[in-house]
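What follows is a pair of complexes built around subunit A, which joins subunit B in one and subunit C in the other.
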Partner chain A sequence: MKETVLETYGLTKYYGGTLALDHMDLKIPRGCICGFVGRNAAGKTTAIKLMLGLLKPTDGSAKLLGCDSQNLTPAIRQRIGYVTEGHRLFRWMSIANLEKFQRAFFPKQWDDSFFAEMIEYFELPKNKKIKHLSNGQRAQVSLALALAPNPELLVMDDPTLGLDAAIRRQFLEGMIQLIMQQGRTVFFSSHILGDVERVSDRIVVIDKGVIRADCSLEQFREAVKKVKLSFSDCPPARLDIEGLLYCRRSEKELELILIGTDDEKIKQWADSAAAIKYSIVKMNLEDQFIEFTAPPNHKKLFQWEKN
Partner chain B sequence: MALWIQILPGLDKPIYAQIVAQISENVAKGELSPGDKLPAVRKLAAELVINPNTVARAYNVLEQAGLVTTKTGSGTFISDPKLRTTDAADINMLAERMDTIITRGINLGLKSGDLVVMFKKRLEKFANRQKSGKKKK
Partner chain C sequence: MRFLALLKKEFRECLPWLLIAAIAFLVLGGLALRLMIQSGSTFSYPYRLPPGSAISTFRLTVHSPLITTGVWLFFISIVLGLALGIRQFFLPHFSRTWGFTIHRSINKLTILCAKLFVAAIAFIISLGIVWMVIYWYASLPEILPFPPEPRLFMEGWILIAMGFTVYLGTALAGLNKARWYTTKVFPLAFVLVIIVTTVSQWKLSTAFAVMLIGSLILLSQIIHTFLNREF
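Our next item is the complex of A and B:
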């Protein structure tokens, strides 16, 4: 078993009476890029803030690089990079001043020339104040600040939100460059599943504050399946198929969302249920995510069918 | 080396499988010959902006299929065709893919004779390309 760099144990957070995160257990091994996906308000930002010790959990705990999140020492913090949602930087500082400020937190490992290279590559005006930069430029500064100390663990909260395709790609390149070094780990949340698929080898899916998947991306891709079946008469009432997440019924058809059921078993079940036709629907990561996090009795919004 | 791989996230085909398919196609067309070296895992990962483990996984699948061999320390090479094993499951999958083409053909109103002629023509074209691909070396 690989060493874990990020762990949570029953991590729970209430805001007043609202449950934002419900007993989250996570184990992220060293050396991976982990995509953290979930719908809006699923609890991603809360989870990230709890992991970094920026919020107090109602219950449970988290560990970063083996150290409790609520008691992170400066020495541990120096090994962690964090990019906030919306790239919140001190607006009154110039890029040069911000670098000086940030460097002070990472006295041993700040890479001046790497930072300078990135600022030059992004064609950013070093002496301009943050408040006079565009959103995209601010994101680029934030990326440079996060990578310059060469962090062992980089945590990013929806870093590419609202960015154009070119800047998004720069973030992906940054992650790949970092991970090429021995023992680096990246944990990032995103709504852009094409990006997640591109760079991640691990995926964590959260829905309504509950962790629904924590596995390799490949496992997730292979496991989530959608099967359509049609029947000459009413579909069977009892669906005793292994791995059933939920089903949608219509008069003579069934749509099953299955987890980890192999194709041979699906075929056997379709035969035994006397389906006249069945097919395993091809899905990309986005389709899989939507089906996986769909509510159990989910109906399509724009679907006016007679029942 | 004339190895161009194009990655499209968002397809139903996983990224590692896209790499496997494209390298296999390059080998079949003779654009990659036995002994040719594949780019290093990290180099290809950086170039395509994808996770290095995804590239490693693709190379692994290719190795299991016998299409490439990895020599520790020196890299991954296209293997000698004589050493490749053919898997019954692979052949089965190929047969199933032919079914899709046959269905399309019949839906277009073609007869089986037409399809056979078409298939032969494509084979000839492929063989010609294979020859010219090898000549370039």
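Our next item is the complex of A and C:
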């Protein structure tokens, strides 16, 4: 069995009376590339900050590389790379200054040639100050700074937020460079499902502070299904189908979101409910995520959506 | 090496304020001294002796230049304290760089020590050295007919220490995550009490003791808050 590098037990966080994270249990094995996805304000940043000991949990605990997150020693922190949300770096420093600053904290691990390669790959001007870099360039510097010390565990908080598609791709390719090194674990939050699909082998879905899914990407892709059923008359009131997450009704149609229900069972239920037609709608990961985390009767954004 | 990297970073961040304070004090203090030497005015300085002495009080005649310079020293020292406190403890919050700063292979207390150490050095370099230069200049035999009182020199250092106390208060206010603004700036109200109490002391040693005790209280709170706060 693979060693666990990141684990949380009932991790809970309240901000005053607001629940931000609700009893999060998670175990990330070594070598895993885990995409931590959720909508805005789902609790992703809170969870990451709790894991890194930057916030204090209301209840529960987290362990990184076997060390309690509230007491991470300098030696343990040295083995963890962290890319902050929004790539917040010291604005007055140039890339060269930042490299020097960061290198001082990793005297034995820092890989000069790797850092230089990444800076060259991203075509970053080394003497330019952070405040004069674009959002995308700051993200690239952030990644290079986090990767150059060769971290065993890389934790990234929404690293591709605000980047255009080309920069995002370049950023992810930089990340893949790390992934290719054996034994490296990456835990990154995102709300861009395409990014998660591209690099992750595991997906953790968080919604309103609660972990809703924790499985391999393939399992998630297979599990979340949307089924459309048409009826000659009113659809049945009672929906006793296994794995039903929620349904949307119209006059003669039903739209079901199902979790883990196999196709044969869907067919059997459609027959028993006297549906005249049924179809399993193909969805990409983003659609699946939206359906999975959407409230059952989500409000219309605009009045004209009624029609 | 790690502590040195932190010191360099903190020093570089404080450097503009340090230079502004040093230049401002040198220019304003020096100018005040020069103008007053030219006008030749004096200042009658009240001096109180310990209880039981044959004479309870007397008035010491000194040249007002150093008093005028002291006013500038007091003002610049307080502004420097506020500026450094805001730079080191408010700005990382607004620029959201605490996460990047704290996630280092070094313990939190060392990060805090680097900040406090650099601020103390900034006060010594920018105001302390300039004050020493001004006092030394005023003490030259050909400058003033009465040599400046050594007490004035020590009072200058107490004014510089007041600025450092203001810095500690601002630091604590910056670290304080209190929801209410009045609670957040409470450390500055405490600093005001320290300053008023210090200024009202006649004995330099008592004034110094008040300042020291107040600063130690603030320092203990800063350490406690920094080690336990969320970033």
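In this section, the second predicted complex is superposed on the first by the 297 of 307 C-alpha atoms of A that agree within 3 Å, B and C clash if a C-alpha of one lies under 4 Å from a C-alpha of the other, contacts with A are read in each partner's own complex, and residues count from 1 in each chain.
Operating definition for what follows: a residue touches a chain if its C-beta (ideal position, glycine included) is under 8 Å from a C-beta of that chain, and two chains touch if they have at least 3 such contacts.
These numbers come from a predicted model, not from an experiment.
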Which of subunit B and subunit C A:121 touches, first, second, both or neither: neither
Touched partner set for A:54, first subunit B, second subunit C, both or neither: second
Which superposed partner A:88 touches (first subunit B, second subunit C, both, neither): second
Touched partner set for A:200, first subunit B, second subunit C, both or neither: first
Touched partner set for A:78, first subunit B, second subunit C, both or neither: second
Touching partner for A:176 - first (subunit B), second (subunit C), both, neither: first
Contact set on subunit B toward subunit A in their complex: 7, 9-12, 14-16, 42, 45-46, 49-54, 57
List of subunit C residues in touch with subunit A within their complex: 1-2, 4-5, 8-9, 12-13, 95-100, 102-107, 228, 230-231
Contacting residues of subunit A [partner subunit C, same complex]: 49, 52, 54-56, 74-75, 77-78, 80, 82, 84-86, 88-93, 100-101, 104-107
Residues on subunit A engaged by subunit B in the complex (per definition of touch): 32-33, 169, 172-173, 176-177, 179-180, 193-195, 197-201, 218, 221, 282-287
